[in-house]
């Protein structure tokens, strides 16, 4: 193996740049040439590929987003598109590809491996929803962004009868809502994995009001429903003023946290090592603080589940 | 004058604590006793009044919200309610009252003065919408909160055809949208003071797309309309993905900026000086970097207008 | 067990308040009365003990420092002092004590257990230097504080021949320097666990300069030596301008990160569960993402060692 | 005037990028071609000059540092060096130069004007020490950086007898120390403009200790002396533990605040307008919220003085 490439795909996540840096620098350390593919699978098909040097990844470890950009690509979903991708890789004499992204990106990578091209995945998504790894790159930053916003909402010191609803990302996975909710002492946390009862939420709110709470915060993962609509329901059920915040793409950005930078650095370096060891069709994962390789098939055979003991703990601590 | 009181009223704003601290400390410095009224005019009517010492306002200069709390008060809008308020003040042998709040709070203060009780206003509101002062306490913090959020949105590096709509506070005044939009290079800024043309926004977006802009940001003051609805309109007009963020009460909180802490400190101290000089029926204002007293009547006779030259500048710089 | 107490001891760490909150709330959830001991062992000896209610720990999860304060206590190091402490606990009818702090605080706790009083430790220190647990409360916040500062240093864009030395905390343990250095791409990381060679540092600096690096950052754990002095040595060896930052107690404060709040919440709740299960002479630890109880003796028999694979990785990635 | 150039010189300051963006975009708006000179006067002499387009300054408004870099230049201090600079400008057919920097940079600009080449200065320095303007670009960001650090020091809740000394930038001007000290309620503020008495500092510390203050903070501008040494003196005089923080170049970086971005945008645009109006030998200034042009000679004839009324106020409020 003499020449490898790296791309970022899917929704971007803080820490992707740290992972790119680690791929390039550890690749060079091991005597490889490293190429960057711009705009994900779309740029791969179009041959938007450039050599990266040590200096190409200087001063990016602390930046959000991805210097390689990311884009959706319908064409890559076709057999023909993937053939073009492999041709581009061969044309550039690239021997292995590292794909930084989420679940969907890895399924694409697996199909390249099926076409005979070695790929390794690095889990980068703020949603933390990839089975087989304890954490994904970007998740820690996203939950810190959320709690910084909620901390500010906490400051508003008004009448007792006020409720704040905060809608956070998470179409299928409740990890962001769950961790941020626990970390911020939210009164109720609504996640796709646990059905919610409006009655129970209202009861908790009223109990808090009676106890003299100055405000109550309800975190809603977007997969559960619209924060605006849930806020309206709560208002009707309680008669209290209800204010809604929809954080949206604020959660995708920001300078990565130390945890995400270290995780991304370790994972990027591990991906290079796996390629050098002749591995393919695997993703890098962190399990019990160790960075390891996991077969894509093993990862895909599982279903991601957030740590539901945190859900129970959050209920106890927000009484 | 031997004994004065201070209260916070209306929507809270970062820096109110710094103003309270300045009232207490400079009051004590001038030999006065200073009392805190809790929960605004509501607490005033109910006699929720306590003596504040130097140490009562220690370690609060950097905290958002207000340690005196704030609350709406329907009763104070009645003649009877205001009579009760004056009685409470007299009962506690208080000689002057400092009201930290917005426009509506000052109209209440003025009515106390009409009942013979000296009041001085200190402008505290994130909206910067009080005529007669260049800046209000909390505005600088609010716009910094907004731009920190928009900076994060800027990080997401995806396809060209994506638009972000950010709804910010400002029911009647566009100052937050205007300053934050200029500070963040927003493509379009929608404020109540300037009618918007959907056509023009769409045209600017398309021009940016042609020029290769990776994303476009549109800031909407809530007084203009719902960010969600405006996002929908833009999506329909452009066919581009449009993501909406509604920052809500995130903007009311946070540790105050240096500017707001210094402004609040100066204004709080000035309010005490005005009371001591026998002034009443005035608000403290900052004009051309000087902290001065302005008659409530003069302030109320004007209409707040944001600096529209910034609006023109923002248009030029976001081409 | 009907009544338990909690105290914080030693240098404070962000997240201690979240741990106190978790102790109180999960204690009440399990039907216990929970008392707070103020100013650590010093307050324990003096009987500075008050009952904490659910509301006593409201709105503290996001605050740095400790609402129970912390203080050194020479008297507790004597047999007589510890006897007084146990008498106070018995006088208040307290059945178990949770000590949030570091190594030294736990040795104190163990001596109370030896006097027949059940204690459980919760590891709270920014240094991450307690054997037996993967992480301590406060460490994640501290390294994020350090990297935010270094990120700002990174912005200064001047001549190539400039070196920045940043002295961080860590008298005996290099964890802060190591993680922050890896997370920020520092050119050299000086930790107590690895002897440093001035020659090697200078060589790395020169190599970076030749490669066109705009700046080089050297992180020094305080246990290695004074940042000011090491900066002077580097300046003499390279002839380059060398700027020194000594972060000091900035690293002890700040709102805790999501990671620290979740860790502290889990650990505080676990400490209560351990007491209820009749355990004593143990500390709570996180191992492989699980929160467990570990015998103090087992913990003390080990020596803390940072993850040296990160040290090697940092060297590779900062070439 | 058809073609103008812009450079950044001296110590960099947050907001310089926003000023560069404003120069380029408003230049293009007015039909000009705008060139960027890299690495200050040094790059000017060497002809390191490139055309900047609208897109060249996209996504930089929020970044610290300067995309044009900055460097010291001994050669420019010679007549010969400046002749070379003018030749380069003429060779590139540039009709006017905008210099973003401090005092020293402006004296250089003035000498170019003396050689017949029109220059306009834009005040960019964190020190706020340029006479003739109320504020300089970068100052607001720097003081916010300082107070964020001091806020963290405030969190540490230990014994009463502890003093924190924070050394901040300011060799000749005390503005950073003064504003940050007032904004953070520092017990003592040591600036070059006011001689300090160790006795008075110690007395204030002791008074605070008696009043039950949990900590005392002393801000020292570097021009007054070394924070480490002053800390040592205080320790000897009080016998209390004294901890020192030296913030160093942390203060030069960071994303600019809203205030600095708006100020820089206005000033950059004004500089272009001045050049177009045939002005030269002037600097842009903000006076009483208005952005105006001021003769270099007028500016240089004054001496910068911080607002000493803030110094008095800080003393009153930190009792």
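Going by the order they are written in, the chains are A, B, C and D; count residues from 1 in each one.
The definition used in the following text is that a contact is a pair of C-beta atoms (placed from the backbone, for glycine too) under 8 Å apart; a residue touches a chain by one contact, two chains touch by 3 or more.
None of the values given here were measured: they were computed from a predicted structure.
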Show which chains lie in contact with subunit A and also with subunit C.
-> none
Computed distance of Cα centres, subunit C from subunit B, in Å = 38
For the pair subunit B and subunit D, the C-alpha centroid-to-centroid distance in angstrom is 28
Could you grab the centroid distance between subunit C and subunit D? Build each centroid from C-alpha atoms only and quote it in angstrom.
-> 35
Could you check subunit B for residues that touch two or more other chains and list them?
-> 151, 154, 214
If every chain is a node and every touching pair an edge, decide which shape results: line, ring, star, complete or other.
-> ring
Return all touching chain pairs.
-> A-B, A-C, B-D, C-D
Subunit D residues touching subunit C in their complex are 11-12, 14, 39, 63-67, 69-72, 145, 149, 151-159, 164, 214, 228, 243-254
Within their complex, subunit D touches subunit B through residues 21-22, 25-26, 28-29, 54-55, 58-59, 61-62, 134, 140, 143-144, 146-148, 151, 154, 179-180, 182-185, 211-214, 255, 257-259, 261-262, 265-266, 269, 288-289, 310, 313, 316-319
